[in-house]
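Several structures are given next for inspection.
You will see chain A twice below: alongside chain B first, and alongside chain C after that.
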Partner chain A sequence: MSRARPSGAIPAHASGRRPYSLRRRLMVASMGAFAVLIALLSAGLWTYARSSANETYDLLLRGAAIAILERISVTPEGIDIDLPPSALEILALDQDDRVFYRVVDADGATLTGTADLPSEGSLAKSPPLQEPVFFDSQYSGETVRFVVNGRTLLSADEPQWVGVQIGQTRIARNAMERDLILKGLVPLAALSIAGVAMARAGIGFAMRPLAGIERDIRERQPNDLKPLDALPPREVESLITAINGFMRRLDLSRDQAESFIADVAHQMRTSLAALYSHLEAAGDQGEAGTVAVLRARDQARRTVRLTNQLLSHAMVIHRADKEMFETIDLGELVRRLMEEIVRDERAGGIDFAVELPPPPTPAKVMGDPIAIREALRNLVDNAVRHGPPDNQITLHVVATTLRGRPAFAIGVEDQGPGIADADKPRVVERFYSSGPGGGSGVGLAIVAAVAESHKGRLDLADRKPSGLRASMTLPQSPLPGGEAP
Partner chain B sequence: MTVRSRAVLAALLVALAALTIWLVVLKEGSDAPERTVLDVWSATDKAAMSAIVAGFEAAYPNVSVRYTEFNTSELQDAVLAAKEMPDVVISSAMDLQVELVNRGLASPVSDVPETPDWARWREELFGFTQEPVALVYNRQAFSDRRLPSTRSELAGMIRDEPSFFDGRVGTYDVALSGVGYMFAAQDAQRGFQASRLVESLGRARARTYCCTSDMVGDVATGKLVLAYNVIGSYALEQVRQDARLGILLLSDYALVFTRSVLVPKESDAKGAAGDFIRFLLSDAGQTLIDRNSSLFPLIESFREGQSFFESRFEGSTSLLPIRLRPSLLTWLDGRKKAKFLHDWQASIKGRSPTQ
Partner chain C sequence: MRILLVEDSRDLSEALLERFRGEGHAIDLETDGAEAEALLRHASFDVVILDINLPSMNGYDVLRAMRARGDRTPVLVLTARSEIDDRIVGLDVGADDYMVKPFDFREISARCRALVRRRSGEASNVFVQGAFEFDRGARRALLAGVDLELRHREVQVLELFLGQLGRVLTKDEVADRIYSFDEAPSLNAVEQTMTRLRKKLDGSPVAIRTIRGLGYIASIRDD
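Then we have the complex of A and B:
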């Protein structure tokens, strides 16, 4: 993705960090790997070349030694050595190597040949050598490869051992060694170059589907949030899934924001228009004017309340997007809220109560304390608003399960009129209000939104003889990576 | 800091001045060249080499050649014992030359013109002639006889006509002559006919000689009817001057040897010595060998092949070059040589050498 982007696009490295190149990384890595590989193989090749050059020419040396040994015999006059021309000829087949030889007896005394060849102790062994021994030694200013081989001659009196030492300079061996190494290294080097080139081509090939996806996204209209329809290779499938999920959420939240703004605009306009008409009537003389002033005040109060609730709703939704979850002790939260309510509603004749699970069970959930508190507050407001003056309102926290996982039900019970079954699905929509109390129609919508953002549920149930039980069931912890909202 | 850099600058200037003076002196020195003396130790007749040496001195006026003549085994001993090594060693004894190189005494010479593979070794030893081993006969003695064409025929003739050949056949005394020994050894190595021939020679009470010229001389006077294994080049010179002589290459094979040259490692005039070798094998040097010496040039004779020799000798043959390789060392082995000489002498003489 290091290619230049068309003008107008935001550079990916706007943060100032240079983006790294996959191609360069891969090239460097593969070159390094090949270099190590070649080094290792070269070492192996060198060992192999040396040993096979030695083996090949050692055969010649040994052959020459055998040819000489074969022509040594015991005669009545002593040991007879008839050096065969073939022995040295074998070692001189069109080569530049110099050749040395000698024949020794069991005491190490030279019978014929060059007496001062280095034996490296191979002749001092006891029992005397029968198998050939090969070694390298410095002689006559060069490294010379020697073989020492021996044979026991049978004669009339007693067996006699004779040894042959033959040396050959290493010119032919070294040439063969170099040749083998070269012949091994050339294809190896070619292979490495091909490998690096293939790595280079491979990364381009692998990146091609990403380039297609990039082009798709770049060429879209700003409001086009349809999922990508490219069929991604397995390796980037999760990336595409994540991009598509992200776009879906973006689309959803944009839709929500649009409808919220439209609703809010409509409600505010209606409410302010009513306030305006009351204030116009307030200019009238007499009792009609006084009534209009009272109505206007009433309408202003409703507008303020509506505004507060709309802001509260917006806040809940906003917080839900951000998922500011922490561990909350629901008992603690309910107790605090109760103290606050009791302080506010001091004047009324309403009886408040709290119902908590028995002490050993800590009522703790993962959640957003401010959103939950706002939801409860709305439920209590609704209960106060719609209930009789001697209402009895109970806040409850009950351990339960949700879809097989531990959860807590938290909510409010009252002795008000309840909600007709037909209305129950609708009251959670924004700006739907039922019953004579006539609220803003936002309260239960907030509660429903909070329940939803916690992957929970809102239940509305009638009580006997009258009243409503509104209860959010919140899981102890939202499903990790749970279903999309 | 500045004092220091000034000192450095001064030192540099002094060094530069010294270098300039040195170069000027050197230039003047080369204006009046010192003559390089090239010490050539050779086991080849000075007469055969003099034209070549003169040609080399003409081509390289800065070099003067000091030519010392040896026979082959003297030369070997002299080189091995030398306190001051010669700059060039020339010998017809290929085995001894190979021995010197095998001991690591020779120094490689570069850019030597291409020659046949058998006639050079390790870029240290270079053959520069190609000379066949021949048979010289007395024309009158063979006027009403058929000439032998192979070794086996020769052996048969000697056996069948003992009265004609008795005491009238000559060959090298292998104990006295290095090249004679080499020829006999190569014969023995090449074929089973060799021992039969040597036996026939012994039965005919063959005379043995130290040198080709003596043998050819005795053939000319009629003391011998034929001489076996003579150096073709030397003999040819005498044959051309003497109508009584004929020279023949036996058709089964003709040994070919080469005179070889090397530069000792301890030579103090390696440059001039290398020039000498390159001159020997250059077109100019080879032409000199062809025209102004009794020797046969290596390169030209190699190029022309058989026809070069067939135009000079009677009979047609297959040439069998003796290779400049360590296999020659086999015959220098003390025991091998002693055994060979013993057997040879037992076959050919059974008596004290005659001449």
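Then we have the complex of A and C:
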């Protein structure tokens, strides 16, 4: 079905939502990814810098400890400690760092050095440790890195264990750690910035075809509805196909509107020309022109009817676009329609009947009451126009199904001549009129348009022995959003 | 008849003024809704012919204001075919009748006469149409001066339909109106009453038509 929306600009954010930017979305996503990456790498870098700074300086600490232990010997007088100055000098290479040490015996008693260094339990272990143990601890207001190492001295009577604990403040190693982190982070940051910049450029590059399509549409003449000839990237191919499909439908709908206007203009002109010629004849004939005046009046009446029908057709189509659907009580609608028909009816000899579903069935559909009424009115008008003066016209509302869904068949039966099978497909076309009582040729086109806009169906069937049953089958509720044709 | 025509189309109003004056009626013209409304507050007319699309105040609002004041002057609404849903609204708001533009002058003249007659009939308790006469007070109907000899129920039915001209009444609705709670309303009896009444009204301008499957509808032939 063709639904031409007005081409007026609808602001993209009419619904209150701001349009989102693909570029911004991609940028945010890529920057987020980079941020996560940098965070992970930084964490790794920090761990690495810390452990390598520790390892480097721990080697020095351990070397110093070993150097001290080497110079401890057992003499008959007791333990002899000959502290090598070089051992501690190595540690004092950094001017700001402070160094602490002590030598302990197997009982933990300090033999020499600073007695109150924290041991963190490393001296209480048994068997007494031979391998160096490293730990950080608070001492004299600073974090100090300690090593504890021990050695079992062999002497005459029994083996004797001595331990040495050396501490060094962390200034040098922290400096090294910072240095390592910094040297790692700077290139990482540079890489990230380059990455974001390249992503930005890449997005721009990838979006360029869209801008081309936009320019194509923007620079078009309003009546240019040719398909877009841009070779779209695969990602937006379906979008372009949809746009092209929409343009095709718009084009079709515009063609239909144009042909409608052309048809209408032709019909109106013909009708008015006939009217004019009757009036002219009346004028020429002077007093004797009564017959021509009467003819002119009939012609004027036909023109009025034609105009009304055309307006009604345009109205029905216009309303179909707006989908003014509500719940309609078909019984009530038929009742009001009968009042209108009886009131306006020309021939009094017609026998009208109404068939409604038995009371428990509520005859209700979702639809446009004005359009349905107009359609039904046209069916009745046709029945009156084409039938005999003693016509029997029945309006029926019958519960049925349409494509498996509950529906109502609403229609009119008459005892007129019916419609020849060959003509049946054509009578629903605009301005095609059949039979001697031929009307404007718009009535059934209106009915067909109403049936279509309600996703229903129009059936024309002959009756025995004569007559026509014209019936619109309308689903109780058209599917929300409509099914794609 | 004293008629007020409220219509802003010059072509149409001139034709109507000329025709109504030609028939000997007093007809005034207003082209503006608000001015018509102001005039209707002070002057009284037998019938108002009211267009819907008017400058400054639309026809419905004029009509609504009249009915809100309790002004029961008959109103005939003029509407265009494209305003087809207006009809329903118009009748709901309190219009007595409507005509779709363009229309036949004889038709509108006849409708106006019918409206005025109906209203005066209500006022005087006597409904007169051509040779037909229905006296609500005396509860009898005359055709060309001859009593139709309606029975009690037939009078009730006739009164009901004359008050609901142009409206469909179902058999149940008729039964509800003419039978009291004590009487067993029988649809068959309604049908028989309708048949007899219709036979007695034969030849009169009052016609009650049957719409099978729906009910009855009364109309007046105006000739």
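A few comments on the model shown:
Just so it is clear, the second predicted complex is superposed on the first by the 290 of 485 C-alpha atoms of A that agree within 3 Å, B and C clash if a C-alpha of one lies under 4 Å from a C-alpha of the other, contacts with A are read in each partner's own complex, and residues count from 1 in each chain.
Here is the rule we go by: a residue touches a chain if its C-beta (ideal position, glycine included) is under 8 Å from a C-beta of that chain, and two chains touch if they have at least 3 such contacts.
What you are looking at is a predicted structure, and each value in this text was computed from that prediction instead of being measured.
Legend: residue contacts after superposition of the two complexes on their common chain; A:213 is shown touching neither chain B nor chain C. Contacts of A:225 after superposition: neither chain B nor chain C is touched.
Of the two partner chains placed by the overlay, neither chain B nor chain C lies in contact with A:196. Touch criterion met: A:142 reaches chain B, while chain C stays clear of it. Residue contacts after overlaying the shared chain place A:91 against chain B, while chain C stays out of touching range. The residues of chain A lying in touch with chain C in their complex are 304, 307-308, 311-312, 315, 334-336, 338-339, 342-343, 348, 351-356, 369-370, 373-374, 394.
Taken together, the chain C residues at the contact with chain A in this complex read 81-82, 84-85, 88, 100, 102, 166-168, 207, 209, 211-214, 217, 219.
Put simply, chain B touches chain A in their complex at residues 101-104, 117, 121-123, 189, 325-327, 329-331, 333-336, 339.
Per the touch definition, chain A reaches chain B in the complex via residues 80-89, 91-92, 94, 96, 98-100, 111-113, 140-142.
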